[in-house]
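Shown below is the structure under consideration.
For reference, chains read A, B and C in written order, and residue numbers begin at 1 within each chain.
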Amino acid sequence: MKKYLLLAVALLLVGAILVGCASEPTSVLDKIQKAKKVSVGTSADYPPYEYVDDAGNKTGFDIELMEEIAKRMGLELEWVDMPFDSLVAAVASGKLDMSISCFNYDEERDKTVDFSEAYYTTEDAFVVTSAFSGTIVAPEDVAGFKVGVQSGTVQDDWLTTNLVTPGLLPEANLSRYERVDQAALDLANGRIDVLMGDYVPIQALVAQNPDLQVVYHGELSTGPINIVLPDGDTALKAEVDRIIKELQAEGFIDQLAVKYFSE
Amino acid sequence: MPKPILTINNLTKTYGKNVIFQHLDLTVNEGDTIVIIGPSGTGKSTLLRCVNLLTRPNEGQIWLDDLEITAKGTDEDQVRQHIGMVFQNFLLFNHLTALGNVKLGLTKVKHMSDEAATDKAMKELSRVGLADRADHYPGQLSGGQQQRVAIARALAMDPRVMLFDEPTSALDPELIGEVLEVMRQLAMDGMTMLVVTHEMGFAREVADRIVFMEKGYIVEEGSPDEMFNHPKFDRTREFLWKITELYGKKEKEAK
Amino acid sequence: MDFGQFISYIASGTVYTVGVTLIALPSGLLIGTILALFYVYGGKVAARVMNLYSTIFRGIPPLVLLFILFFAVSKGINLSAFLAGSLSLGMVSSAYQMEIVRGALLSVSGDQLMAARAIGLSRLQAIRYVVLPQAVRLAIPPWSNEAAIIIKDSSLVYALGVPEILRRAQLIGASSQKYLLAYLSAAIIYFLLVSLTTRLLNRLENKLSIPSHP
């Protein structure tokens, strides 16, 4: 009797979820233009792309870029900070209008959301401490060590697909972290030997900690970074892409890169 | 012609396969003090609980005055207002003072104003000699005092009949006297009482009739003189002799 | 780096922590008490249903419930992250609080109920005027425990984007690289909140306690 009741409740929950999922296609562009407001998600724990200054204000490459885009769309920007893992789901379920958080294009993500044109290109990097005694020439060489990565990132995917699944890197030697700074801590105390991440924030880490050094950087999993948009809203994508092209042509983005990425 | 307040007719109570008592007949007239005696476990307490409908009998009827209270559809809460009950373990409401305990039924059941309820409650507490303890909590009262408050609580509802379920069995010997004295005074004042007890002194002095129950039956009933001096059944004589022996011992201890 | 700014940035999350707690805890108490009354006095079927409720909401990790409520269910009814988080925590808490109240009700001896009926109080009146007042006093210590748990669990709403204490510590820790300081600050704030609450509840317990043995 108890089993049937449990089943009934489970069905009810699933039903509620399905109702939630069955969304009628609404134009987000229409909605935000009417409200004159756009809510944008980011995970502000990722300097120099998005982070908080001493006063607690959001700042960074992505932040300033998005603020300019919103300005050119004539919209008031409402930032919503969320853990990185939750951002895609939030856009997919309509909780956010879009998200900028150093996203790389990813097929899995593309199933539930759309991507803008690339607004910048990044690289991957592997970073170790000065205590590291191994040799890493090619990226696959990291398979011999304990590796850390931020979970849900394209670096995570790259490591899993190219090293873990073929059996080169044992699953137990791959540590996933919610945030890069957590991984950096474990790198410093020796729990992991190598950290794989986006080159730019890793450079920021290295700048603050002379004990760290980058042993390799290049385009492996990364490359272009994009803004995450709601699935199927072609009008919104067209508008955002247009502004990105404008900003690139004006040199605005290059200026931001100089401001945030040079040492 | 004495008027029956309580009439018990052919009452049977079983619990699963166990027969607690069967085919009991008992009449309690106005002003009577009936004392029920007998070995433990013979259903005496259960009988009292049937009278105030805390338990339902399997067979038989009970009348309070002219109302058959065992009939279907009787408002039990209403009926219980007219039947007072005093328990072996006092069962005072721990979160209320003595006054609060006595007032509760007056304010919530009889819907008296707070003033009127306080007046009446203090009267009843005076009656049992505890007016000066009105603001004490049960935890601050001795067993004998608690039981007297319990009696006041039951009396406050102006019941037609008072039921006492071994009221002194949980008390220290020195405290028994004060409770029995209250009960004796009540009987003198004309309250109709049904008392289950082992206190033979009380039975002998105060009871109008003594009922001897054993193994679910009423073995014999009669006046104290009849029961103690000329019982009809050997079993009655046996039991009374044994318990008077015990009572005699108890008396010596209390002294 | 301005130390004062650092701390005050983290501390400004307190208003969200307190807000979530002030929704979750009382709603959990209200629902939990009602359900507990049904559980104890409602008969066999009610007891089974309540038991099921308890099993479900104590068996799912609160974070999972938060996600379900925020991402899936609330597409029909639009709930803010703050509300979705607070209500989810309230639901989880209601299951634990139901067990607390149930335990307290059962600890008040059934004889108290019987004595109340004997003076003519109805079942409802007996529960309300005799059993519940005594149960409340028994429930305060475990309830104080539950309050502390909710204050700390309130940090879970960070996953939905509510800028409470923990999330702020994460952000400023990440940007300043001063992680230890950030998390210690957060820990101290939580500690202060819980201490204050526990102390207040102790006072309440003393105030309500029934005198005995003069």
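Following the convention adopted for this analysis, a residue touches a chain if its C-beta (ideal position, glycine included) is under 8 Å from a C-beta of that chain, and two chains touch if they have at least 3 such contacts.
None of these values were measured; they are calculated from a predicted model.
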Chain pair bearing the highest count of C-beta contacts: A-C
Innermost chain, where centres are averages of C-alpha coordinates: C
Where subunit A and subunit B are represented by their mean Cα positions, the distance between them in whole Å: 80
Geometric centre distance via CA averages, subunit C-subunit A, whole Å: 34
Cα-centroid distance, subunit B relative to subunit C, in whole angstrom: 46
Two or more partner chains touched - positions in subunit A: none
For the subunit C and subunit B complex, residues of the former touching the latter: 111-112, 114-122, 125, 129-130, 133-134, 137, 210-214
Residue ranges of subunit C in contact with subunit A within the complex: 1-2, 5-6, 9, 12, 48-49, 51-52, 55-56, 68, 70-76, 81, 158-161, 163, 167-168, 170-177, 179
Complex contacts: residues of subunit B adjacent to subunit C: 52, 54, 76-78, 80-81, 84-85, 87, 89, 91-95, 104-105, 108-109, 136-140, 153-154, 157
Subunit C partner contacts - residues on subunit A that touch it in the complex: 1-2, 5-6, 9, 13, 16-17, 19-21, 23, 41, 44-47, 51-56, 80-83, 86, 89-90, 93-95, 179-181, 185, 205, 208-209
